[in-house]
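Going in written order, the chains are labelled A, B, C, D and E, and every chain counts its residues from 1.
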Amino acid sequence: MREARAGQQPLLAIEGLHAFYGESHVLHGVDLQVYPGEVVAVLGRNGAGRTTTLKAVMGLMGRAKGSIRLNGAQLLGLAPHDIARHGIGYCPEERGIFASLSCEENLLLPPRLAAGGMGLDQIYALFPNLRERRASPGTRLSGGEQQMLALARILRTGARLLLLDETSEGLAPVIVQAIGRAIRQLRALGFTLVMVEQNFRFAAPLADYFYVMEGGRMVQGFATAQLAAHMDMLHTQLGV
Amino acid sequence: ADSDPVKIAVLTDMTGFLSSSLGPGSVDAARMAIEDFGGQVLGKKIQFVSADHQNKPDVGLATARKWYESDGVDVIADIGNSAVGLGVQELARNQKKLVFITGASSSVFTDKACTPYGTQWSHDTYMFASSLPAKLARAGEKNWYFVTADFAFGQALEADATRAVNSAGGKVVGSVRHPPNSADFSSFLMQASSAKANVVALANAITDTTNSIKQWNEFQMGGKSQKLVALTLLLNDVRALGLPVAQGAVFSTVWYWDLDDKTRAFSKRFFERNKFMPAEAHAGTYSAVYHYLQSVKAAGTKNADAVRVKMRELPVNDFYSDSVRIREDGRVMRQTYIAQVKAPAESKGPWDLYKILETVPAEQSWRPLSESQCPLVAKKAG
Amino acid sequence: MDIFGIPSQALFGQLLIGLINGSFYALLSLGLAIIFGLLRIINFAHGAQYMFGAFIAYLLLHKAGVGYWWALLLAPLTVGALGAVVERLMLSRLYRVDHLYSLMLTFGLGLIVQGVFLSEYGSSGQPYPMPAQLSGGRNLGFMFMPYYRVWVIGFSVAVCVAAWLLIERTRLGGTLRAANENPTLVQAFGINVPRMLTLTYGAGAGLAALAGVMAAPIYQVGALMGTELIIVVFAVVVIGGMGSLLGSILAGFGLGLAEGLTKVFYPEAANTVVFVLMALVILAKPNGLFGARN
Amino acid sequence: MPQPTFLARHGQALAFALMVAFFALAPLFVYPVYLMKVMCFALFACAFNLLIGFCGLLSFGHAMFLGVAGYAAAHAAKVWALTPELAVLFGVACAALLGLVSGLLAIRRQGIYFAMITLALAQMVYFFFLQAPFTGGENGLQAVPRGRLFGLVDLARPGAMYGFVFAVFLAGFLLVWRIVHSPFGQVLKAIRENEPRAISLGYEVDRYKLLAFVLSAALAGAAGATKALVFQLAALPDAHWAMSGEVVLMTLLGGLGTLLGPVVGAGAIVMMHNHLAHLDSWVMVIQGVIFAVCVLAFRRGVVGEVAQRLRVPL
Amino acid sequence: MPYNDYILETRQLVKEFRGFVAVDHVDLRVRRGQIHALIGPNGAGKTTVFNLLTKFLAPTGGSIVFDGRDITASGPAAVARQGMVRSFQISAVFPQLSVLENVRVALQRKLGTTFRFWRSERSLHGLHARAMELLATVELSPHAQRPAAELPYGRKRALEIATTLAADPALLLLDEPTQGMGHEDIDHVTALIAKVAADRTVLMVEHNMGVVERIAHTISVLQRGKVIAEGPYAQVSTDPQVLEAYMGTEHAALPGTRHA
């Protein structure tokens, strides 16, 4: 378990989280702490359980036990909409763009959870493609545009904790860079981010803290400062 | 086999649009007849079943087939829907079993479709259609337009009425057909009222008739130049319409509960059991079942061929029919009436509905054999 | 005066009657379209809910002496509430499986409701009086127009427009559509989707009941009053473009008129015309007249 | 290789043998007309199942094929005095033709859209029957002669009629079985599973679906034509949408996509109709409850559940 | 040029979606026997080009010539039968069929018995040997009897490739074949593509520059529906326009985003 920071309470604290898909037990006691204002990257192979961890936080796993606290409040057992109302924005791995809504309607869909979300103009400045395609049905956007839309969508809501699942997946390098810049900006604005990433090259320069997940457990945790010391391990574990 | 107990069945519309004048009342009338007869015949207890045909020929026929073929039913009464009844009468002929048409009223039963095994006890379309339309046509209402229920009954009624109107010098300028058991007649009536006719005649029955009348009034159709005539008006229809709406209507009827002491006595007993007065078909069902049981007793067997001959030999004698014969085409030769609905002021009770204007003797009530296409009749003549 | 050799009285008369029928088509198809567009459920129970609405009016009158105007409020609320319960207990479990199952479930539920009323009241209709305030009528020259029927047309237009504005012109519509596609995700955005779906189904059912109350004085109250009507309404929805509210409303009124016209010019086809039109529309525009999406 | 295991093969054959034995012996104990009705509906449900179970197409208008074949066969037997086998063939041909025409309209859409369109087409056909002069409208075509099979065997004899219905049913059942396990059936399954993928592999999916639709219509027609001869009546309810709903219920209850399911489902529903007839409208309620229970708790149907337990395809 | 030099040619191919031009006068020429990669930023129109080529979409303008024949007016299934078969960006298998049956469905078409509803399924057993052979090339042999739905994502993509190969296309269209795969699988699939390209032509969309660099002979770069560059990797990857539009400045000449 990550050592406590002096005088600071973690924003998100997961302890001993177990989760199940039907009979199959996929999370075996996950521990994770995220402090306010930092970017945490969760690395791991396909199937390690990273997506499942995020889903469990959002209350999307049917069966889960353990503890998930946000600012000390227990989230486990709440309905997803109540969890979101605590100020969490979720960008799912499969993007979740709505075919029956236009690009802009997709953008406007999530309700504002708190003050301080970005305005439409700011968002369009960040992702100019979206401005151009704003009237198109959501799923008529290209794969990458959909990815941008999925991320943009939660920036409006004012959620202070963002859970991003594979945001760089399927994106052209330019866009990946644009998203990287956006994440840096968000961090500067005081957002807290949890990124689940396969793309280590993308995550490495952005994160303050890294977790490595394996077989439904967190097997490693280290800060950016120790990154170099862990490169060998990452290489053998993840092939990066 | 011949030694099995006699089994009587009532096949009727239990809950549908015809049920107010058939249905549960017919079932109980048959029961009453069996009870009044003593509950047994030829030394065995009389068995009784009933079923709902839901006004669907397939349902009715399948039930009748099963009754005749595998349940040992000897006779089916009522039927009450001509589309179902015609099929059952044909089936009965093939199965050599008896059928009493006491509700269904297409005149085809005793015409083209007549069989030695079928008899018709109550109203038929010839009777509904002959005296009144002819009278009106002769009185100058020349141009007729029909609103017809599109099934065997309505079709027969329209055909019979057309014949009557034509022979009285009138003419039929058109007709519109509606599916039986319709809810909204406004467009059919609109079609009828915009035709150039003096008389719009309803060739339908029961709820179809009452709904047509109500909607005709609602839209104030017709005006001065056009009148609406219901060819079939039964006891419960008048009840459903209420006297304020129905008052003054003149129509043919086969029976009324308040004709004489005998009918009143029966009706009182019936009312006590059922909380409503017997309607035409109810009385017919009682009469048919009772006469059948007497014929079985007289024949000493329940063999259908013996019983049907006996039924035609013996006179029908009860509160419903006074020494009445059954004609070879199956027609029960009873007299009929022309009645008028009372004004609300004239009525002394909830069931005091008709004034009997005229009694029509049997010979004038039913289709004369000279016009008959019944093969049984033709054979005799030829 | 004759138009195309048809007396104008007959023509206008049938068109007006068509418009009245169209009012019911529109109200019912609107309810169906709301439920379909947002929940992707073909609500086969719609006919039963319509009938149920009419029966509540009937029972209110005969058991409690409560008249038409209260029924107009209470019946939709009751049926809507029951619909909400059904959604919560049963339909909500089927969102994950093929939509055909919810079709079958609502079909079954419709049978249950109809069967209960059928065994209680039989298949023949029970009369329901017009509200006294709307008795009488007005002679339009070509026909006498009962006030009640005027009310039916006017009120259903108003309800249709209001419902359409509420759903299409507010963010509610978009949220509902999204929730239909991926309810868990919309929920993860902080929207109480289960409650929203429940209310939507309740609202659709309530609309059916509203139509039922309005129909009671015209068509009588009977257990089977919804069965045949609802099939026509399905065709209306298909013509309008499944899920399109505007399409359903316009197609509803339009088909009422088309039926009226057919009754003037070729009465034999009046029953079929809706289905013929539907076949033609599908041939030309597989998504229906207004069904742009999908 | 997808060689079914010995047990799986055995199980299906055994079940089939049981079914044949049942229908061969049952008339000794049960009212044969009732059994004939079961077989007609079983064939109808098998035909329906061919579409929903193996192509994923829910037709909500299948009664039109039952109805059209009934009228055609009844007309052929009554008016043209054709022998029963020819009357049935004529009914099948008419149903297949109607299947072709309606299929061309419907198969372009999927899922609920397909269901709605078939429903509306069937309704159109229903109103046509209601008004066409040769159907007898609400009265139906009554007193249809059963005739002599091949001009020889008098089908008025209950035994002969039973044999004829049994033969038609078995032939239809075996045909469905063969279709499902044919190269064509394999393509159908692929289309059901992933239509764009099937297209991208070079399959003109519409043609396959159309053929399946026509085959299903023809088989439903065989059921309808035979039924008309059994009951000597062709009437509107066979073409009514409630009948389309009933066949969905039979198949669902027995088990969608199983071979024996529709037969079991048809048997159960016919039995229910017969034994609960005295309960009148409650039959409707019970049917509704079965629908709801099947959909909510029992989606595989009776045979599907048994097959699942025994791990044998039935 | 002789027609057998280019297996596929598009001339001034255009696709508009309600006024939005997704594919803008594209002249694409794919040389027989090559691996041709189509790259470009998201939304450039790559998948749309695939959809046009395979007739899943009808072009607004222009023509497509495949193997010497103008296929602009053909249907999707017909094009596939002529020998142009695609895979999908989101994996497309027949989930309830076994892995073997998935491949067999593709093989079956050539038998010409696909409408024979009266024949036994056993008539298809002759195809099993070939199907197993194809499964072996993607290392799926041990899974032959499992329903495809049970396979992990990467294996499904492999199955899709095997199925596509079973259709024996002259031109194979692969839409992001490595998307969603882990590193080992990516290497594996890359090798597989190179291998199957030995006797057929491959046109692929791919974001993974490592893959493109390793196996593509020619690369076309699409931006906003237009081809902005074409040529071998070395040339394209240094093209300033491409760098700006696609690679981004930070990672000039970067060998694939996934490869650290």
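Just so we're on the same page, a residue touches a chain if its C-beta (ideal position, glycine included) is under 8 Å from a C-beta of that chain, and two chains touch if they have at least 3 such contacts.
All of these numbers come straight from a predicted model, not from anything done at the bench.
Any chain bridging chain B and chain D, meaning touching each of them, is among C; the list is complete. Hopping across touching chains, the smallest step count from chain A to chain D is 2.
Looking at which of B-C and C-D shares more C-beta pairs in contact, the answer is the pair C-D.
Rounded to whole angstrom, the centroid-to-centroid distance between chain A and chain B, based on C-alpha atoms, equals 80 Å. A separation of 43 Å divides the Cα centre of chain D from that of chain E.
Averaged C-alpha coordinates give centres for chain A and chain E that are 31 Å from one another. Multi-chain contact residues, meaning those touching two or more other chains, occur in chain C at positions 118-119.
Every pair of chains meeting the touch criterion is listed here: A-C, A-E, B-C, B-D, C-D, D-E. Chain E meets chain A in the complex at residues 17, 20, 39-47, 89, 152-154, 176, 179-184, 207, 209, 244-251, 254, 257-260. By the touch criterion given at the top, residues 36, 40, 42, 90, 93-94, 97-105, 107-116, 118-119, 223, 227, 231-232, 234-235, 237-238, 242, 268, 271-272, 275-276, 278-279, 282-283, 286 of chain C touch chain D in their complex.
On the chain A side of its complex with chain C, the touching residues are 58-60, 79-81, 83-85, 90, 92, 96, 98-101, 105-106, 108-111, 113, 137, 154, 157.
Chain contact summary for the complex, chain D toward chain E: residues 1-2, 178-179, 181-187, 189-190, 193-194, 196-205, 207-208, 211, 215. Across the interface of their complex, chain C is touched by residues 52, 58, 60, 105, 108-109, 111-113, 115-117, 119-121, 123-124, 127-128, 130-131, 241-242, 245, 248-249, 252, 279-292, 294-296, 299 of chain D.
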